[in-house]
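Look for chain A in each of the two complexes below; its partner is chain B in the first and chain C in the second.
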Partner chain A sequence: MATVASPHPPGAFEITLENLFSFPQGRRVLTCLQCGTCTATCPYGVGMQYPPRRIIGMLRTGQLEKVLTSDSLLSCVACYACTAKCPRGIELTTVLLPLLKEQMLLSLPEVPSELQRALENMLRYGNPMGESPRKRAAWAKTSSIPIRILPEDPRTTDVLWFVECYTSYHPRGQDTARATAKIFQALGIDFAILGNEEKCAGECVRLSGEPGLHNTLMEYNMQVFRKYKFNSIVTSCPHAYDAFRYSYRTAGFDYELRLATTFLAQHLEALRPMLRGKAGYTVTYHDSCCMGRHNGFYEEPRTLLQAIPGIKLVEMTHNRVNTICCGGGGGGMWLDTYYKAKGYERLSERRVKEAVATGADVLAVACPYEISRFEDAVKVLGYDKRMIVRDITELLVESMEGEI
Partner chain B sequence: MKIVVLLKMVPDVVEELEIAPDGKSLDTTYLRMILNDSDNHALEEALLLKERHGGKVCLLAPDAPEVDDALFAALAKGADRAVKIAGIDAAEGTRAVVARIVQALSTADLLPADLILTGAQAIDDLDGLVAPLLAQTLRWSHLSVVNQVRFDASTGVTTVTKEFPGGLRAEFEIKLPAVLGIQSAEKPPRYVPVAKVRAAMKSLQIDSTTVPIAAGMPALEIQSMAKPSAAGHAEMLEGLPEAVAGKLCDVLAAHGLL
Partner chain C sequence: MDPANTNKASTGGTGVYVCHCGTNIAGIVDVHVVVEYAATLPSVAIARDYKYLCSTPGQELIKQDIHEHGIDRVVVAACSPCLHEKTFRKAIADAGLNPYFVQIVNLREHDSWVHTDHTAATQKAMDLIRAAVRRVRIHKPLNPKRVSVHPDVLVVGGGIAGIHAALTLADAGKHVYLVERDATIGGHMAMFDKTFPTLDCAACILTPKMTAVQAHPKITLWTLSEVTQVDGYVGNYKVTVKRKPRFVLEDACVGCMECIEACVYKQAKVPDEFNMYLGKRKPIYIPFPQAVPQVVVIDPETCIEFKSGKCKKTCVEVCADRKAIDFHQPEKIETIDVGTIILATGFYTFNAKRIPYYGYGTYPNVYTALEVERLVNSAGPTGGEIVLRDGRRPKAVGIVHCVGSRDENTNRYCSRVCCMYSLKLAHLIKERSEAEVFNFYIDMRTPGKGFEEFYNRVAEEGTHFIRGRVADIYPDPQDQGRLLMCAEDTLMGVICKVPVDMVILATGLEPQPDAQEIRRRFHITCSMEGFFLERHPKLAPVSTFTDGVFLAGCCQGPKDIPDTVAQAGAAAAEALALIDAGYVEQEPYTASVLEEECSGCKTCIPICPYQAITLLEDKKKANINEVLCKGCGTCVAACPSGSIQQNFFEDQEIFAEIEGLLSYA
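Up next is the complex of A and B:
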């Protein structure tokens, strides 16, 4: 299966709507066949007044104003499906749509209040929920593993663990944080976190049309990184990974970078003997768009799951590059009410129906957005007696502790 | 239409408020200040009026931590001028603060104006007196708890909608100039992208004015400040759902609610 990781060439973040066609990625828009694959693969394409194919057509005929004053682009959940399937290799998700969304955010008469609140919170508090930035590391006190917090103990660390918002604040995300810490300790990893100095990496705000806010968060986080000495960064969030891998490079980010899932997969041989508890369940894995379609990590999470003794892994109809988005990307995390009001099916519910159809007992995930999205969907659809949602790290720890 | 909007920074309750060792004030160690919510609505209403009828929106705010951020954000949203009053202390009491605002309106050359809009209340005093005191001092018309301001350019008539309890609304025709206490704008305060705020910070400036302390004004003295103490506790019903449902029925029956 082809991966669609698109390493952005230098300059990709300098593209604007005005200079679009002076860059190779922009000129590629002119090669569009108008085949409509993008619209057909877009999870919300059917509901958009101007779906991706029409947007490109209108861009080429100078009718962009209509697109920018409609709310069509709010339905883009930055799932990379259009980009992955485009026969001409047009980078809609990474290049074209963010530029258009930025203009849309300026011309929309009203930004949906959930999204507005999340963006304002991100600027003021460094997290979308509007939680106190002074409580970002509060979860660490609930961890059975001592967590070193760099601002309190700034000695050099091997791994700087960038925990991210949902893993730090959401009660179920904190379960992932505690599980990750347990595995790190078991593997003898020398790790530390930034504590309350960490702020959201800002990937979703860029893809929801707020590059200025993304840049503010990037400049802040880069300053914090430079204060400390560490050998590499590991993050629990595919969205932060994506931001660091692509946009943060423009601000001088050159640290060794890994996603927690891939980092653990690299340590699998050390981890395998610790996985003692035998799992008697069937699991299906949801490919996160950011992690899979955009960065090509399809096998690492599956390898980790299959290392758990007794586990049976089954695939959903849409897997790997064909995955269906959970609906949380590109600002979608804060547009649930808006989508519901539009009469859209929640993508997390669409995905959970597919997961339940596999007959699996457990829906395994590796992105912190998905736990809450899928757990909500499981409950809304009435499947809470048939299926549970777990982060891969939680399943690994259960097996390590023999509590299955 | 020339509109002056009065803005004020209040403690951000995202952090737990702590009492300072003097027992009379808030501990400012971790305290952050945020724009008072209904002042933000007053700003939005002023911007809507400007969009419909043209004119200028000028901002006047007592100096406070983080006030520059709030003022630049308001300029980025479309306000034309921002002035902060230096050396003002909210602890002077509302009457003294209003007296200083009146002076600042002159020293900063903000008068004449057609409207002065401000939040109907601020979360740190809830006395809602700024608008009426200011109107009385200036001898202007006044209404508060307003949620809509309409101006008919052809007739020159200004209509103000005011909210009452129980979902009632009343419309008033008001003579300008007027001071209005805004409860909420017609639509939620708009979003302003960070890039626009950054551009405003680079290209625009905030003016500052100083006015003397108003002599002979009655001032309030805070004698003590304390956190509310719990008077009673909620009873938690525990156990299996069936048992909890049974207990809940008993409680409701005991209170004559079943």
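Up next is the complex of A and C:
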């Protein structure tokens, strides 16, 4: 049976495809206007055999089997655009599509191997790249400031920093990890990380149709949290934040929770005097779907950027609630080859084209998926002389160190 | 009908009548068991059940029993007293009893409609009847109060609704105060060029009505005015109106408009509200040529004399002997007595910026429908030519339906007129330009007289219809002057990106931003979405829960001009009915002070919402003015010594009811 934990705190009910219409949120499907907003806003709507509107129509007319024999849902990158704009308030991204995806994965003759591998890695190593769990905190050794690792030094800490996979392992992610650590230290934050005891929070695993694996990771991480004493959790990854805020609630997660970006924005007054280096460039900021559309943090990253002296912030055509996905959500991170084979336009390239059109020198991001995706797109499109991609924390540190 | 249970003494007893209400009550409550039980209660002489007691034969049954069996108290166990208490009171009064000798038990709303367990519902019915039987025995004879109705009427809002209501009443010889917030009457309709579905010229049909208001001896028109306070009750409202200065004396100004020409501003510089800021006006102006009253107005925010006191005042010079301009005109407060009130405050259009992905406020060529109403208007800022903000003439125009309507993120309801006005705008644009027009709709709603025919006509003219809600509007990367409208054509199953030069957002109709404030001021209620609530959606569509206050037009909900006018006529007729009767009957549920027991503590005096209580200085006792008392019961509950009694709710009556309820047989 396909099950998924409700993303809604606090009620811990489980919706399944079978009981979909017995839950208020599931019954909303019956109110669908067939207006096509979801399909038209979906970044891969053109490519899907059955785009979201059709899927709803088919579901209502008992054609579930037909939906499940198509691989359309593999093209859903969990960007929340359909959900944010649906005039009937149908929660496609969080509820309906993951349910269907799970069933689809079971009935597909073949799951794309890269996705298969990422999910297996997640189960075996706690990260999608298949890196050794023992190396999860390796970046800390290259950090210019000491990083306390809880398993080695389990004293109470104020902030438990949940670093997450891409920030821990990807070389560009590690840059942001080191930058974040520098800012924490400068602000006098008492923080520590979980080191190799941390595993992926599993948000994308759930949205790519593996709620069981997500639950395994959730139970594991919850157990680790319970081992230590800390006052609040701060995470660098919007996807981990999302998992903690919604699905982890069902497993009793009730820690004070913040996203690194919003946490820093809260400390802006302390941070501002340290931002000494004057930036002589123009920045455009990419709203991450998960952070913006699903969690509503549009202003915090912009406030941080504008605090950097000399920076000019310009907006892309599609911003805030109308942002365009980088293509990495809901398992999209591990389906690039598959999308390429389908002949899809890479979403990261679509986004970079818009960024370049603003005339900005820097594309600023706040989600660890995006640095690598956008840097790659910038290179492929041949814009590497015109635009660089930076995490907001990196820009802050540059200004703090005056080396702009 | 069951044989009557007449096992009790035949005179001076109580009659109990249990209604089936079809299956509404009898489907849940076992009425036969209830009747049998009622017959065993003390004092009950007769107990019967009947299919529809409110029918004429049903009422006859009760009257007959009064005549033949001499019963002198009646309990009717049926629906809510709101519906038929009056019916049964009249019935027993016809049979010679005091009308207040009947007690209603609400078996339908309080029992059968809210329970599913037959046994428990039947038991509850028996309990409620037992309580009523006890109570009704000690009812005292009462007579309804009569209060006179002041013949003057207040109409608030001078849109087409207020205009039509005011004219109807004035033509019937009643004196009307028409209070309008703006400098002119006319409301939204005055902004349109043509009106659907007949494409009548709006000005041609509205202007005569506006001038008729101005000329009518029975209408007192106050523009730039707002009601600030409403006291009193049906038939006798006391209303305070604040009249803001126009800085031009209405009696002296002849409407020559020479002052506008003479103003030191040679060019009009101030964005013009009436033209949706698409045109410009001067600090001294008239909202539009046919404005009523035909009197100019000075905007103190932009007039140099107000800002610096150092203007050459060329306007005053040219006005000369007429001496109409008065920079020191004070604000005026008027107090008026009226018997009835009609609210016609209209609607507000949805703020399109709330849906950021439609680009209103970001892309200059995205317009709201109301702006386009001005653009297509031959008296508008472009003289009726479709010219964009950047001076171009559009080759393709897209109209987005349902903006801020039918959407969980904004308003859930359908705004009812926007499909039709979108069709109208499509027609007008095609008539006045070469542009292709694309209407993006979810459902096409054309349910009025002649509406579907109009849709048919517009389709034949070649307007393109795409069934799909627009998901995104953004500049074409290939041609920045154009906008791409992205939607799924759901009938064809394809996603389309239609390039256009102009987007029109068919924004929905919303309650006025101050609707809640107005609601409180007039003691009425609002429905969920914030429009004023009618007393009954079908049977009392222009009444409110406050007697003597009626609704007309879009303040009650979105509607077109034909419906607005029909409602305005209905509201006027409701007011006339009250005025011509000359009086209204009120329940005699007034409170009175038992003088022996009153200690003169004055607790009750400030809490009476109707200022009905005074202290008799000589006796040092509180006294309640029976005419002013509305029977709300606040003082009864507040009196520390329990020395205030209220008719029909006397302590003994309430205690009898409670005891009856609790004394399980």
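Everything that follows uses one rule, which is that the second predicted complex is superposed on the first by the 392 of 404 C-alpha atoms of A that agree within 3 Å, B and C clash if a C-alpha of one lies under 4 Å from a C-alpha of the other, contacts with A are read in each partner's own complex, and residues count from 1 in each chain.
Rule of thumb we're sticking to: contacts are C-beta pairs under 8 Å (C-beta built on N, C-alpha and C of every residue); 3 or more make two chains touch, one makes a residue touch a chain.
Here the structure is a predicted model, which is why all the values come from computation and not from measurement.
**Q** Once the shared chain is lined up, is A:30 touching chain B (first), chain C (second), both, or neither of them?
**A** neither
**Q** For A:106, select first, second, both or neither according to whether it touches chain B, chain C, the two together, or no partner.
**A** first
**Q** Output check: A:46 vs chain B and chain C. Expected answer is one of first, second, both, neither. What do you get?
**A** second
**Q** One more residue to check, A:85. First (chain B), second (chain C), both or neither?
**A** In the superposed model, A:85 contacts chain C only, not chain B.
**Q** Is A:380 touching the first partner chain B, the second partner chain C, both, or neither of them?
**A** In the superposed model, A:380 contacts neither chain B nor chain C.
**Q** Residues on chain A in contact with chain B in one complex and with chain C in the other?
**A** none
**Q** What residues of chain A sit close enough to touch chain B in their complex?
**A** 102, 105-106, 110-111, 113, 116, 119-120, 123-125, 130-132, 134, 209-213, 215-216
**Q** Using the touch definition from the top, list the residues of chain C that touch chain A in their complex.
**A** Interface residues on the chain C side: 356-357, 402, 406-409, 442-443, 468-472, 474-475, 477, 486-490, 493, 495.
**Q** Would you mind writing out the residues of chain B in touch with chain A in their complex?
**A** Checking each residue of chain B against chain A gives 14-16, 30, 34, 187-188, 190-191, 193-198.
**Q** Residues of chain A touching chain C in their complex?
**A** Answer in residue numbers: 33-41, 45-46, 51, 53-54, 85-89, 317-318, 320-322, 353, 357.
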